[in-house]
Structures are given as C-alpha cells and as structure tokens.
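Two complexes, one shared chain (subunit A), two partners (subunit B, subunit C).
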Partner chain A sequence: MSHQLPAILFLLPLFAAISMPVVCLKHHHWSRPISVVILAAMVPFSILNLYNVIRHGEVRYAFSGWSAPLGIEWVADGLASVILLLLSALGLLGVLFAGPTSPKALGGRIVHYYTLIMLLVSALTGIVFAGDLFNLFVFLEVAAISSYALVGIAGGRAIFAAFRYLILGTIGASLYLLGVSYLYAVTGTLNMADIAGKLPMLLDSKALIGGLLFIFIGLGIKMALVPFHAWLPEAYTYAPEPISAILAPLITKVVLLAWVRIIYWVLNATIVIYDIPILLLVAALGALASVIGASLALAQRDIKMMFAYGGIAHIGIILIGFGQGNPTGFAGGVFYLLNDAVMQASLFYIAGIAFCQYGVKTIDELGRIGKQVPWLTGSLIVVGLGMIGLPPTGGFFGKWYIILGALEADDYVSVAAVILSTLLTLAYFVKLFECMFRQSSTRSDDQFEEIPFSLKLTMGVTSAAVVILGIFSAPIVQLLLNQALPPGL
Partner chain B sequence: MVDALFAVFHRPNFLTFVIIFLWGFYIMVTRYNLVKKLIGMYLVQTSVIFFLVSISAKKGATVPVLLSTTDPVQVASYANPLPHVLTLTAIVVGVATLGVGLALCGAIYRQYGSLDEQDILEKLE
Partner chain C sequence: MIRSHDSIIVQTLGRFLIPVVQMFGLYVLFFGQYGPGGGFVGGVILGAGMILSILIFGYDASRSRFAQKVLHGDGVGMLIYAGVGGLCMIGGGEFLNYANLEIPGLEIASRRSLGIVLTQIGVAVDVMVTAISIVFSLSAEEIIEDSIDG
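Here is the complex of A and B:
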C-alpha cells in the first residue's frame, strides 16, 4: 500500500471536496467535523510517506500505469514529503482555527468555505508532488481559483481585492502556460526529468530562454515576488480571518517550492545562460524582496497588512538561501521555509483572534488588550522573536544557515540583505510592541471574554512549534541535507 | 532589421498570437470597466491557447488513429494529439477562471452599484 500514498494523500481531500456539498446540503454543521477528520487523517499519512521516502528513497508514481515520459508522473522525494507534512499540519490547524471564528466572519457560507478549503488542500498536494510541467499548471490554477473564491467569499471590501487577485493571478497563469508551451515546442516533452535530460544540448536556443523567462515571471506573480506582489497585501488583509490564516502560510510557499523544483530539478542549478548564472538572479531578486518587503511592512499600521508584507520579505530571504547554489544555503532555505510557514500561520491566527474576539484591527488599538489577554500577548512575543530571528527560535537558525551558505558562496550582498531585512523586521516589531505596552491607553474596566479552547490550541501549537523547530534545528537540517537536496548539488 | 521584419511575415501564426496577446493585455491595463478587464483577460488566455494549437499544426497529417495494425507506423502522417489535449484542459481552466471572475463582478455590482473601477475606489475611500 505504501507506494499508493501520494495518490491517497491527494484523493482524500479531493473526495471530501466533491462530496461535501451533497452530504452537507441539509446538515451544515457536518462540514467542519468532516474536514477536521480528513485533514487529521492526512497528517499520519504524510508522516508515513516521509518515513517511507527516508527509508526506501524517492517514490515515482505513474498514473494508471503509464510510465514516465508518456504518462503523468508524480515524484514523492524528500523535499516534497517534508513540505507535504507541513501542508497537512497547517491545514488541520487552520480548520481548527476556523471553527469558532467562521460563524461571525463568513456569514452563512460555512459549507462553501470547507468545500473550497478541501479543494485548495488537494490542489496544493498536487503542486507539491507534480513531476510534469502541465500537471503543475492545472494544480496551480485549481489552487488559485479556490483561493480567489475564498478571498471573496464573505463580501465586503474583500471582493474587490479578490477581483484584483484574479486578474493578476490569471496573467501569471497565462505567462506560465506560454512558457510551458515554449519548452514543449523546444523539447517535445512535458515531464520534468525528461526535459532536464534534453536541456543541456539546447542552452543556446532563444525559445528556451524566452520560455524560462515567462515561467519565472508567471510563478513570480503567483508567489508575490517583489515587483509582482501588488495583489497579496490587500487580498490577505481584507479576506475573512479563517481564510487568511490558511492562505497566508501555504499558497506562496508551495508556489515557491514549484519554482525551486523548476530551477534545480528541470534546469541544472549551475546553469549559465548568456554569461548570467541563473542562481545569481535568484539571489538578487531575493535580496530585493527581503529589503523592500520589510521596509513596506514598517510603514503599515494595520496588523494583518504588516504581517502580509512581512511574509513578502520572508519569501525574499528564502530565495536568498536557494540562490547560493550550495547544500548549506539550500537546506537553510528549506528550513526557513518551514519556519516561515509556521510563523505566518501563527501571526495570522493572532491577528484573527485580536479582530474576532476584541475588534482590534490596527496596532494603535493593540494597547487596549496588551496586558489583559496573556495568551495572545505571550504568543505574539514568541512569534515576534522568531520573525526577528533571536536564538532559541527556528527563525534564527534558518537565517544562520542561509548566511553560512552565502558566506560559503562569497555572496556578501546577500548577507547584507538578510541582516538589513532582520533589522527592519526588528524595527516593525518594536513599533508593534511599543503600541501594545504603552501605559496610557490601558483601561482596567474593560471586560475581556475568554478565548475559546481551539483558538488557544492553534495559537499555542504554532508558537510552541516556532521554538521547537529552533531547538531541533540541527537534526532537521541534517535530515534536509541528507534527503532533500536536488541532484548535482 | 528588414530581414527580421520579413521573417515575421513568414510565420503569421506567431504574429497573430502577439497581436491578440498584446491587445488583451492593453484592454486589461487601460479599461476601468471590470467586465472589459475580464474580456481582456480572456483574450490573453485565448491567445496562449491559439499559440499552443498553431505550433502543433502539421500539414497533410490525419487524426492519430492507427488504420492498420500490420503496416509500419508512418509517424509523419499523424498529428500529435498531446497539444490538443493540453489545449482542452487549458480551455476548461480558462472558463473556470472566467466564471469565478464574472461571479465576483456580480457581487461587486450588487455591493457597490457600479462596475467602474474608479467609482468603486472612490466609494472605498
């Protein structure tokens, strides 16, 4: 059975998504238990998948028995399995978080919400496993369409943000498809491993360069790389809380994984096209994103907007790690990606609780709840330490390995960018905490209701995970170095 | 330079693709009406599909169904079915995106009473 795990992991949420509108037609309240059960079942399956990959090496799953260049192939290697574990765990926490917050935030559209979340999770699973460029396009679009619908689900200002997201996302998807058709015209195949075998003979081809450029711009729009990030802050800020808490940690990171897969698995990492090493380009884009994202975050007063820009900056830091072209930088990038997903989830849970329970939207209002809600304040401090990158947390070790990798590659611009981005992150968290603990705005006669248990659970688990990832950073990075490295690195 | 210009006219399908793509892009960027933006978006998607179909066209080829199992297969006389299958999938994806976009347009119109981007932005302020 173990070689069927990739298909099982994909089909569980897909069947749930298809059957949910029918099953829950009369019984709206069934949708949440069904989603929780499905996602809770995905966690042990993905652990089993990771164990299986570590023990027996990567699994290549050929659909309906048609093997690689002709049929559609899925690749469950170390990197995909690690990201899949993260995806299922954060999906489960997101659905748990949605329980108490969704009735207020979503109006009556509970069944729609859970259906789309299931569809999103199955599409993201597909992106993680896809070993075929066109298959990747289809899953990117299924994930994108469900996230457009999710952002706009509750109306209000979010609908307009969702429309802009749709327009920009579709330009990205069209450019990606155009790039794929260029590559198909040049190589005559869509399978990633097959293309990788044929590319070295074709490096002078202008069609190849054009195709790669279109693919990179298309995926860059989807993962909110800095010049193309315009859709992200509004979409995540105005989307209802249970939705931004699931979209923010997952979408951009999984698309980034697809980008890394194309750069390292389809192209060779050390490739030089017209005297420009591709990895240098990746590191430069990452440096730009990490500094610009963090400076824009410093200018925000809306809590969710600030965290959304923080996420954009962290995409840049992860890219710096991937752009160094050595094992240390690559493992550091993957490790920071795990940390960043957990931290983003935690930050958006905190922002969601602050808004849903206490009506706090901007950092000026945070002072109102500062000392009255120890759970929220405590988690925010822990995650803040992680975002800044102070030693006991995972954020520190991620940045540490990325900087080590950059030093190994003599790339001092990247080192400077990581440090500058860290200082800017420190600045906006100081601003946040300054507003939170300002004495004058605290009134003791305010009544504060208790946070529901499942919200405390999700917030506590993610904050604890920030520290636990830091404590166990050495074995995790070792595991990534052994299992998740691309060929030829 | 002149040679390059003439070379373009030997491949009218590429020229058509570029014109449709840029036309759709131009509509998306310049028009304020949201439905017009969606029309531009659909033109962009269609142009990419057109490109995929046009590069897979083959003169004198027939449908990829083997007529006889005994004769050796003449690869040149059959069209490659893969790009057409990809095109079908891409059309389905495009229609789904357009559907979601029109639904969002409807919701925006019900909420703001207008489909003009500038009107909506004024109401948002």
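Here is the complex of A and C:
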C-alpha cells in the first residue's frame, strides 16, 4: 500500500474532478462535500507519504510498470513530500473557505468551481511529483488552464485579467516546451535523472544553453518572477474571493518548486556556463524581485492588489535562499516557501472576508472594521508580523536562515535585498494598520453580521500556523536539511 | 441551434454514410492493438459520425438523440480509464500495470491485451464526447450551459 501512495495522492483529486460533472449533474450541492472529503483524505495520505519517505527514503513510482528512462516516473522525495503536505492542507482550507462565500461570488457556477479546483489540485500534485520534463509541462498546462478558467469564472472585470493571464501563461508554457525540446534534442531523453547524468559532457552545447534559457524564462513567467509578473496582480485581485484564496498560495510556489528541481536536480547547481554561475543569476533575479515587488506593494491602495505584490516580493526572497548554493540557504528557502504559502493563504482569506462580509476593498475603507471585528483584526496583525518577519512567526526564521545562507556564501547584495524588502514590507503594513486604526468608524452603531464558523476556522488555522511554524522552526529546518536537500549539496 | 439540412441528397447520403463511419470508427479503435489506430483516432472518427448526424438531421432529430445523451457523459471515458488503472492497483501492481488485472483464467499476456483494449475504449469515449461538445459550443452557447447546469 505505502508504495502506491504517490499515485493515489495524484489520482484521488483527478478521479474526483472527472466524475464531478457526472455525479453532480442533478445534485449540485453534492460537489462541496465530495471535494472536502477528497481533500481531507489527501491530508492524512500525504502525512503518511512523508513519514514513509522519511523512514525508507525516496519512492520512485513507475507507471504501468515501465521503469525509468522508458516509462513515466513519479519521484516522491523529501522535498516533494513536504510540499505535497502543504498543498493538500491549503487545498482543504481553501475549499472550506469557499463554502460560505461561494454562491454569491461565483455567480452560481458551483459545480464548475469544484471540478476545476480538483483538477487544479491534481495537476499541482503532478508538478510536485513529476520525474520527467515533459510530464512537468503537461501538468503545468493543466494547472494553468484550470486557473485561467477559475479566474474568469464569475465574469465581469476578471475576464480581462484572465485573458491576459492566458496569453502570458501560454507564452510561458510555449517557451518551456521549446526549451524541453532543445534538451531532448541534445540528450535524447526526458527523464530528469537521466538528463542529469548526461549533462556534464554537454556543457558547451549551444542548444543546451538555449534550451535552459527558454525553460527558465517560461517558468519565470509562470511563477511571476519580476520582469514577467504583469499577469499576477490583476488576475488575483479581480478573481472571486474563494478562487484567489486558493490560487495565490499555491500556483507560483509550486512552479517555483519545479524551477528549483530543474536547477538543482537536473542541472548540477554548481555548474558554470560561459563564466556565469547560474546560481548567481538566481540570487540576482531574486534580489530584484524582492525589492521591486515590495516597492510596488507599497504603492497600492487595493488590499488584494497589495497582498498580490507582497507575494511577488516573497517569491524573490525564496529565490535568494535557493540561489546561495549551500544547505542553510536551501533549507531556508524551502522553509520560507512553506511560510509564504501559509501567509498568502491567510492574507487572501482575510481580504476575502473583508470584502464579502463587510464590503471593504481598499485600505481607506479598512477603518470601518478596525475595532469592531476582533477576529479579522487579530489575524491580520499576526499575519502582518509574519510577513514583516518578527521573531515569534515563521517568517522571521525563514528570513533568518536565508540571511545566514547568504552570509555563508559572502553574498552581501542578497542580504541587503532581504533587509530592504523587509523594511518595505514593514512600510506597507504600517500603512495598512494606520488606515485600520486611525480612521476609526464614525458610525459606531454599524451592525456587523457575525463571521460564519468555517471562515473563522480557516482564518484561525492559518494565522495559528504562521506562529506554530515559527515555534517549531528548528525541527522543521532540521528535517529539511536531512531529507530535502538535492544531491551534491 | 443546428437545424436539419433540407436537401434530400444530403439526407439520403447521410443515412448511408453515418453507419459506415461509425463502423469504421469501431474498426480503427479495436484494430489499434495490432496496427495503426487506437482510442484517440477511433474516438475522433466516432465523434465525426455523430457530428455528421447532427449537421444533417439537426440537433433535435430523433437520429441525433444518442449524440445529445453522449454529451452528458463527459468524463465517463476517463472514469473507465482510471477504473482500469485502479483495478491494476488493487491487484497489487502499479497504476495501469495490466499484468495485475485480477481476472481468473487469463494469462498475463491476455490480461495486458484486455487492459489495453479497455483503456483505449475509455480514451475513445472521451475524445468522442470532446469532439461533439466542441461543435456544440461553437454553434450554440445555451446547449452547453444547459447540459452542465442540469
């Protein structure tokens, strides 16, 4: 049973997605319980899978019994299993969050919504596990197509954002596919481990360099790395609340994971191509993204837009961690990725509740809910501390390990970028809190309806997780150092 | 909404042609094990036959009833495919490792053969439904909305 887990984890949501339109044809209201049950089943399975990987080492699952270079392979190593646990937990919370907000926000398309969410989750599982470059492309596209449809599901202004996302995402996917075909032409194989074995002899090949460049730009567009981030803020801002709350924490992080897998597992990370160490490039791009993203966030007045730019900045910080090429930086990057996903989820839940329950869309309106809604304000403060990176939260420890890694590598530019980005984050949260508390409501008799329980639950769990990840940062980072490091680091 | 074609030549030809197209689709589907063909191509041909019937006799005609029903079965093909794969997993092998299809009285070679045919049928059903639904969504939006929203 335990060796089947990687396949089961992928097939559960896929099965649910394809049977949903048939099962829920007559009974629309079944779609929500089905999705909740499937995602709730994924959480213990992914914990079991993580335990199994820690105990017995990585699992390589050959589909239909054809072994690696010929067949399709699933690689469940430490990194993939940790990310998968995060993915299933946040997927479950996202679906729970979607319940009370959805009918209004989704324009009645409930079955569409849950079908696409299940498809998205299974595709993201595929990206996490995929052991070859072409299947990575397939799952990138499945995830992307379901997210285009999800962004535009309710119509209105989101359709424009979804169309822009579609155009840019398709360009990214095409570039990635082009790059993969170059690598295939050079090495004659698509399996990651197989390519990794053949690359050292081919470092002078121009096709290899062209292919890698295409792959990096393609994935850069997909994960909203700074020069290519144009699609993200609008898509997440205008998407309905239950959708941005699932897309924001998952899509960019999982694509980033795919990028890391290619850099560290396929290429040996320390390689130097034409006198340029590629990791230097990663760290430089990360530094750029972390500063520019945070500065752009400072300029926003729309809450979701601000959080979306914050997410772009955090992608940069994670990349700085991965770009250092030492175990501390790498583990810090993975740990910050976990934290960032939880914080993004929490922020978008908060923004969603503020809009759906109280009609608050911009920070100028935040004063209306300042002191009257303690749940919301409390969570926002906790997550804000995490985003800034103050000690009890996971955000602090993530940045701490990343800075330690950068110091170890003598990369002072990256250290400066992380600190600058932290200061800018502090600035936009101060701006947010200032609007929230200073302009207290003039109408103190405003009647506020109580927040539904499942919204409180999701918001509470994610805010608590921000702190819990900080408290247990030492064992988690130790686990990552023991289990999730790439070969040769 | 697609209406029936009013030319008698087209109608008569269609009456002869459609069964032939369907038979050819099934032939390609099952021949795929031993030669060129298979689920994808077979599914496209089966779908093309139904599209032809809709174009000639109209969406509402009794001859197109099967196509209307099929449209609701989006995902059934994938269920067949995933079901066969799941049976292999229950039998103890990997997903889609047909040697582990637990059917008494069949050798491993025949199990593989049977497994391939079943998954190809699944693929064919899905391709057929997709082809038909593309035609519908290009011709009339409201049909698609009805078919999914119930």
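Assume the second predicted complex is superposed on the first by the 485 of 489 C-alpha atoms of A that agree within 3 Å, B and C clash if a C-alpha of one lies under 4 Å from a C-alpha of the other, contacts with A are read in each partner's own complex, and residues count from 1 in each chain.
The working rule: a residue touches a chain if its C-beta (ideal position, glycine included) is under 8 Å from a C-beta of that chain, and two chains touch if they have at least 3 such contacts.
Given the structure is predicted, the values throughout are model-derived calculations rather than measurements.
After superposition onto subunit A, partners subunit B and subunit C are found to sit side by side with no clash.
Legend: residue contacts after superposition of the two complexes on their common chain; A:M201 is shown touching neither subunit B nor subunit C. Judged by the number of subunit A residues each one touches, B leads among subunit B and subunit C.
By the touch criterion stated above, A:Y148 is placed in contact with subunit B alone, subunit C being left untouched. By the touch criterion defined above, A:I171 lies against subunit B but remains apart from subunit C after alignment on the C-alpha atoms of chain A.
By the touch criterion stated above, A:R157 is placed in contact with subunit B alone, subunit C being left untouched. Of the two partner chains, neither subunit B nor subunit C is touched by A:A474. Of the two partner chains placed by the overlay, only subunit C lies in contact with A:G65; subunit B stays clear of it. Once the two complexes are laid over each other on the shared chain, residue contacts for A:K26 go to subunit C alone; subunit B is not touched. The gap separating subunit B from subunit C in the superposed three-chain model is 8 Å, by closest C-alpha atoms. Residues of subunit B that touch subunit A in their complex: 25, 28, 34, 37, 41, 44-45, 48, 51-52, 55, 82-83, 86, 89-90, 93, 96-97, 100-101, 103-105, 107-108, 111, 120, 124. For subunit A in complex with subunit B, the residues that touch the partner chain are 134, 137-138, 141, 144-145, 148-149, 152, 155-157, 159-160, 162-163, 166-167, 170-171, 173-174, 177-178, 181, 184-185, 190. Of all the residues in subunit A, the ones that touch subunit C in their complex are 4, 7-8, 11, 14-15, 18-22, 25-26, 28, 61-65, 111-112.
Residues of subunit C that touch subunit A in their complex: 72-76, 78-79, 82, 85-86, 88-89, 93-99, 148-150.
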